[in-house]
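Data block below; observations after.
When the chains are written out, they are named A, B, C, D, E, F and G in that same order, and each has its own residue count from 1.
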Amino acid sequence: MRLILGYFLLYFGAIFLFLGAFGLIRLPDLYTRMQASTKSTTLGAFASVLGVGILHPDWFVKCLVVALFILLTAPVGSSALMRAAYKTGVPLDERTTVDDAKEFFGEEEKGEAK
Amino acid sequence: MSYYLGSFLLIAIGLYTVIIKKNLIKIVIGLNFIASGVNLLIVSIGYVKNGTAPIFSKIGINPSAMVDPIPQALTLTAIVIDASELALAVAFVVLLYRHYGTLDIKKIRSLKW
Amino acid sequence: MNMSLELLLATPFIGGLLTYIGGKVHRWVRNLIAVLFSLATVGEMAMYYNTTFKGVVWGSLFGSNLVLQTNPITWLFLFIVTAISLLVIVFSIDDMKKEEDEIVLDSYYMQLLFVEGAMVGIVLAGDLITFFMFWEIMSWTSYFLIVHGGKKSMAAGYKYIIMSVIGAYAMFIAIAMLYAKTHSLVYSDVALALSQASPSFIIWTVVLLSVGFFVKAAVMPLHTWLPDAHSEAPSPVSPLLSGVLIKMGAYGLFIVFYGLLSVNLAKNIMPSVFSTPILLYIIQWLAALSIVLATFLAIMQEDAKRLLAYSSVSQIGYVVLGLATGTSLGVAGGLFHALNHAIFKGLLFLAVGAVIYRTGTRNMSELGGLVKKMPFTFTALLLGIIALAGVPPLNGFVSKWMIYEALIQKKEVFLLIMAFVGSTGAFLYVYRLIHSLFLGQLPEKYENVKDVPILMQIPIWILALSTIVYGIFPGLAMDVIVKGMKLFGFTPIAYNLFGFPEGTAMGSLTVINIAAVLMTAFVAVFIIFILFPKTRQVSQYDNYASGQELTPDFKYNYSFGFYMSFGRVIKPILSMSIERVYNYWIDAFKIFGDYYMRRIYTGNLETYNSYIVIVVTIAAAAVLLGGKLW
Amino acid sequence: MIRKIVYSIFLATIVLSLVMFFAAFPFGQNKMSVGEYYLNHGVAQTGASNIVTSVVVDYRGFDTLGEVSVLFGAAAGVAILFFVLGENRRKRREQVAPNFIVRVGSRIIFPFILLFGTYIFIHGHLTPGGGFQGGAIIASGFLLLYLAYPGTTVNRSRLSMVEGLAGITFIVLGLYGLLMPESSFLYNFLPKGELNALLSSGILPIIYIAIGFKVAAEFAGIIDDMMCEVICRGGEK
Amino acid sequence: MEKAGKLNRYIFTVVVLYVSWILLTATTHKDELIAGLIVSLLVAIGSFDYLSEHGLGHFSPKRVMYLIIYAPYYLWQILLANFDVAYRVLAPSMPIKPGIVKVKTGLKTDAGKLALANSITMTPGTLTMDVKDDTLLVHWIYVKDETVEGATKEIGTPFEKYLKEIFG
Amino acid sequence: MVNLANPILLIVIPLLFVFLIAFSSAFSKSAAKYLPIIAFGINVVVAMLLVPEVLKNGLVLSTTAGFKPPIAIDMIVDKLALFLVIIASVLGFVVSIYNVAYIDEEPEEKFYALFTLLITGIIWMIITGDLFNLFVAFEVTSIAAFGLVGFHRDKGSVEAGFKYLVMGAIGGSLLLVGIIMLYAATGTLNIIDVAQKSAELTFQQKFLAYALIFVGLGIEGALFPLNAWLPDAHPAAPSSVSSILSGIMTTAAIYAIIRITNIIFDYNQIYLFLMFFALLTLIFGEIAAYYQKDIKRMLAYSTIGQTGLFFFAFTIHSTNGLQGAFLQIINHSVSKSMLFLVVGAMIVQVGSRNIEDFVGLGRKMKVSSFFLAIGMFSLMGMPPFFGFWSKLKIIFAALQHSNALMIGSVVIILLMSVVEGAYFFKLLQMMFFGKAEQDREIKEASFGMLVPVVILGFILLFISFYPTPVLDFAHQAASDLMNKNYINLALKLGGL
Amino acid sequence: MSILDWIYLAIVSIGAVLAVVRMVKGPDVTNRVVGLDVFTTITVALFVFFAMIFDRYIYIDVALVYGLLAFIGVLVIARFIERGF
């Protein structure tokens, strides 16, 4: 049972790790790529590490620490990166419908100038 | 052998960079390539087939199945030294940029002859 | 006895240091110490004069054993060194007063005494290392003396020190080669080693040593430093340089050829020409060329001191020519001429120095007519030029005569002719000198010129008297020379106080007899000169040139370009100036440095990094080629 | 272009010669001589379960002293190069990070990073971690803080004090070994303890803690200088 | 809500760190526990100011309870998000309609806003780029509603009700 | 009671002071100024205490961590190392005094810490008995030097510092590769152990490792063409630092080459290979020095030339040659350090590094100029100064082998000595006999800067007039190295 | 290592390779960094996996350190992308 659950988590993680990377290749612009990669790899790593924890119950606590760490840090990194990308003018895909960011950052620039 | 070759290539790429590239940052990166190559070489030297890390974290680990601990220790030292050099190099680059307004090494030659 | 030699060597050095310290007290203290210590050196020299001593080994204070030795020849040179140094120091006291900076003077006297000490060391040295050490000390201390003379002297001094260093290093190689062979550089050991060495080794060492001595002795083509240095140096230094310092080269040659290498040995290992070993024969030719070319150059000079400087090159040529004959007579003549030249050239430089002291110029075309204003200096200079020209009864005559005689006996006709040409030429330039300075018209601005102060007169007088004493009593010098040469394996030549008795190698030569004949002739000519009508005295403004009235600027210029027409004749010879060759090398060096060296230190980091890679590549290639890169 | 080709050939030569050399010492082959001694005696002699640590801090502790000095030198060098007078340094306080997520995220993670760094260097003798890794992690916490709050200032004289004191501790511990009968620098004079226990292997953990503090202080100093260079001077130019 | 007192926050930090230490070392060995306490006490000195504004207030039962409820919900959302991503990445037609929209939030504390931002990032189709005052900037992979109100309702509201309780 | 005659103290005590400087800077600004003086004062004492020990036993070996080499790192002080350690400590002491008056730029405490670290690293390089530890010491030295070269932070300093750093870093890495190759071949890092265990390797195998070590150390050791950083870095650094860089740092690197060559790679071909570099170094250093307008740059190139000279002496590979090399090292260390200190003081007064501006300085700064002259004379090898004896020994040793190569080398050496004379005399003549166009307000160097100069000057004069003990000691050290006594003694004492 | 482990390794490795592809392709710095970020996350997971395979508990610490440094690295890079030096 433990073995099955462990390997399930491990494989579940592996698949999403793969998917995240695949999205990186397939999706058209940076922003959508990041959408895919952030969610998938985080979950993938999270599940994968927990899987190890379950397969090796002595280590469960430590694995949990690693998994939580990943869960906590990944979104922060991604948002910082995407913001930076937008601010340096990394192009959006042509299918993009709305762009409130211009306004959002525009105000900010003004705010800074004060 | 392949690991050795990898480290040699890293060293060679690094050397190539410091000779051919004109950008200060690239030169610094080249230095880092060389250093990484050397570190990889050191670690590869110490590797013993099927050896494990030389840590007796449990009772009864057989020391004869372990890799050579010396290269690992040396790498540890070398890495810190490389990091130190890197930090200083970056500091120099920043200052050079301030003084010369360029990162092109060809233009930074007020000292010659 | 041991101690005294050390004392003799130490006295000038200690004196030099004390002078410097004394200068901080008062300039008279300094001057007194300088005079007293040089006097003491002369005294010590006199005390042990003409004694033979060998292999005095002095402690290890300087890192290696300081080996000292004496023999009559060394005493001859020590006499020259100490005596002239003393006179120069005395002369300096007034002459150098014009230097305002007392500090400069403190170091000036110190350096004078150091040069003296270094030369004493060279002469007393009993091994080549001691010799070389003092040789180098002499080079740089004398360099400092030369550059005391102002802006131009710096270039001169620079040339001097560089050439000296080159010469010294040539010597150095030879000394090191000898050391590798014998592990002892004491003269006797070296001589022993040379007697068993291969001919090529001997030739190499001897040639290299000679190069060092040639530079110092200013034998052509290594003379180029001398005219500048001797003329630009301060007045009192010139006699020391011309009179004494260049003799160290002659002394060195003597030591090498007759101390380390015996004539017989030389004859055995190399072919002979005119029964002279080829090496010596070549040296003879170099010396003869020096005599002739330097004479021509002296004739062409406008600067009094420069004229004397070239004269020195030519006169030292006689010394070397004599030394290189390899016969008793020639070598004795050479040694004697070394002494004589020291005396009369010292005298001439001091006399010209006296004129410069009063007039402030040494350009001959700006001078003239000083005979009435400086009669004493005139007399001294007259004696000097007579001695130089080799006219009896003054001292230049006997030594030159000995050299001629030696050449005649060896049947070296060409050399003899060249030596004669040199002597004839000497008449031309010495006449020029005395005429331009003392005869003719007196420029207006020198109306109030007086003779020099007594302290400057004394050294001049002493030298002037010496020209007469050694001229009339050559035996005084021959005493030492012959005694010394015996130690070096020469057959002694017979001599007496007045010259050479009949039936000796010299034939018969008694200066008094010759002088009597000449005096008679001179008196006859003088009487004729008095009796016959004289040329009319003309006011100095009362002359014209090409129908134009001369402006005061030009009015004294009749002595400018005195031998111009003669100059045109010899110009092609002079244009082969050795100096051009030197300049060519200097230019080449500059181009090398400026053009090629810049391409190495480019300031380009990539290039620098590539050097590293290239060196590693060379090593790697060597490994790949199986280590057979060399 | 020719230059590039020529140097490529040169480098290829170098690589080839290296390959030739190492052909005699194949990868994975046991080349140990002294290393074997460490593996066999390390635990008994030093009490550290991590033999790398026993090499780093004990057998070759002197290398580590050097390494610490190198880092110290680099920090001092950076401080020299980025030296800014006090007035300029104060300018930095006014800066705010515009990025909310980074700001708040970093703030929350910061204490855990400190804790984790400490964990790493305290367990240096038991795990692959050690003073350097721990110190570097702590310093990276400071880096994070700077990213969040560019106005952050560290008390530089306190940093100097920490790095100085840590260095002094290292050396004084080493010098104490000279007082032992073995009279040897860095002699491990404390009891070795039980294998894999936190309190084991004598002076090793103490040294590693000192190194941890030192490295943290030095990297923090370097980061502080670099940030100051970017921010304080950035305004000037 | 104003900041808690210094001591309060310090103790909170020590507790959090000490728990983390125990998790990290994953042992109850006496030495480790003592060392952990010392380390937590020391580290907290330098860092309590950064960790939290509420201090021990975070341990109020209500907050802990909501947290316990929120955690599985959050994980579930992540799971959904990933299937969503998988769908969009793998579907041949690539059903995307990206856009950047603004989302309003009623959360007041920084921690709360961060939690919201992170939650949005980790959940289906959205990624927070920045937060300012009460506005979140969100990249949406399939824009359903371009207005601020609509977007807020679609993206923010589901999380906000829990987070409001947890971070107040 | 602790035995103070312990080589390890030579490194550890100054290092302790490095950290003390950092520590004290938190409380007091001025303590940092004086701590280096104390540190190197102690070092001089320790070095002196080692003298009788070394003379008695041939060498003193000190292990670390309570284990014998090759298990642990050891420090070995033999006669030769002692020689250099004394020079380094004395220079450290003297130049630290100079710094008190000389350094007036912030951040001072960092300067003092790095300065102390620099000399510590140099001593470390000299006495370590372990190859990797040598690399570490090399890096300690380099990193301190990089920072110090950039100390002024102006355009030139930064450029020089960066170039030096890049070349030094490449050098360090190559050195490390060479060391690692030896480790791969022998499984040990102790120099003597490596020598023993690498005995069965072929020359060809060893050569590449050697070349890498040589290049690495050669960069620091200023060997042509690896020395391009030097003429930039030495002038850019504060003069007191240049004094150490020129005086002992390059020497320490060369010494490391000498020792490693002698112990591990003692092949005739290698000496030939090295001689080639030595002569090129000499030629390019001296000729380039001749053209310099910047006085410190001139001295820096002169350092290259001098390095070439003593390195050549080493490649003669005979006791006499080594003796000459060691004598020349002493001569160069003392003289060149003194020159840099004097020149530093002069630059402070003149406000320029251009040689033209030094005209007439001989009259204004009499004491400084006097010692400048003495130093230059000794470097030129003019008797009666010490340099004469070293040059003499080198030439004599070279001509002991009367083959064309040696004779040619001697000719080159002497020609380059002429060039050296040419530029030194040019400067001296200008200083002493030239006259400045306008009168300048120039005073003698301050007392604090004069004292170190005078100390070094008197050391130079003393060994000039009483060189016998130094000559003898150098001879013993040389014969120890040639006879490999070093190895035997270390084996006996170290229990390898 | 069982066959299951090998398959896991294969899947994850392909993911890592794809991430590297993005790193190499770019086309801009940000894209590369995203590739790097994915790559590091995968590596962290792999570290933990290897800890299990080789039965070395301590590798997990390595994973943690690696993850931490990668995180800070991304933040630093993001900052520099955004604001330059």
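To be clear about the criterion, a contact is a pair of C-beta atoms (placed from the backbone, for glycine too) under 8 Å apart; a residue touches a chain by one contact, two chains touch by 3 or more.
All values reported here derive from a predicted model rather than from experimental measurement.
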item: Number of steps on the shortest touching-chain route linking chain C and chain E; value: 2
item: Joint neighbours of chain G and chain F, given as chain labels; value: B, D
item: Taking each chain's C-alpha mean as its centre, the one farthest from chain B; value: C
item: Winner on C-beta contact pairs when B-D is weighed against D-E; value: B-D
item: Per Cα centroids, the chain farthest from chain E; value: C
item: Intercentroid distance (Cα basis), chain G paired with chain D, Å; value: 23
item: Computed distance of Cα centres, chain G from chain B, in Å; value: 20
item: Mean-CA-position distance for chain C and chain B (Å); value: 67
item: Averaged-CA centre spacing for the pair chain E and chain A, given as whole angstrom; value: 14
item: Chain C, residues touching no fewer than two other chains; value: 597, 601, 603, 605, 609-610, 613-614, 616, 619-620, 623
item: Residue list for chain E, restricted to those that touch at least two other chains; value: 20, 24, 117-118, 128, 130, 132
item: Multi-partner residues of chain G (each touching 2 or more other chains); value: 57-58, 64, 68, 75, 78-79, 85
item: Contact pairs between chains, per stated definition; value: A-D, A-E, A-G, B-C, B-D, B-F, B-G, C-D, C-F, D-E, D-F, D-G
item: Interfacial residue positions of chain F with respect to chain D in the complex; value: 2-3, 6, 8, 12, 15-16, 18-27, 62-67, 70-73, 106-107, 109-111, 113-114, 117, 120-121, 124, 130, 132-133, 136-137, 139-140, 143-144, 146-147, 150-151, 153, 158, 161, 177, 181, 183-190, 193, 197, 205, 208-209
item: Interface residues, chain E side, partner chain A - complex; value: 20, 23-24, 26, 78-79, 81-82, 85-86, 88-90, 94, 96-102, 117-118, 121-123, 125-130, 132, 135, 137, 139, 141, 143, 146, 148
item: Chain B partner contacts - residues on chain G that touch it in the complex; value: 54, 56-58, 85
item: In the complex, chain D residues that touch chain E; value: 99-101, 103-105, 107-108, 110-112, 114-116, 118-119, 122-123, 145, 197-199
item: Chain D - residues contacting chain B, complex; value: 3-4, 7-8, 11-12, 14-15, 18-19, 22-23, 25-32, 34-35, 38-40, 42-43, 49-52, 54-56, 60, 63-64, 66-67, 70-71, 73-75, 77-78, 81-82, 126-128, 130, 132, 136, 195-196, 215, 222, 225-226, 229-230, 233, 237
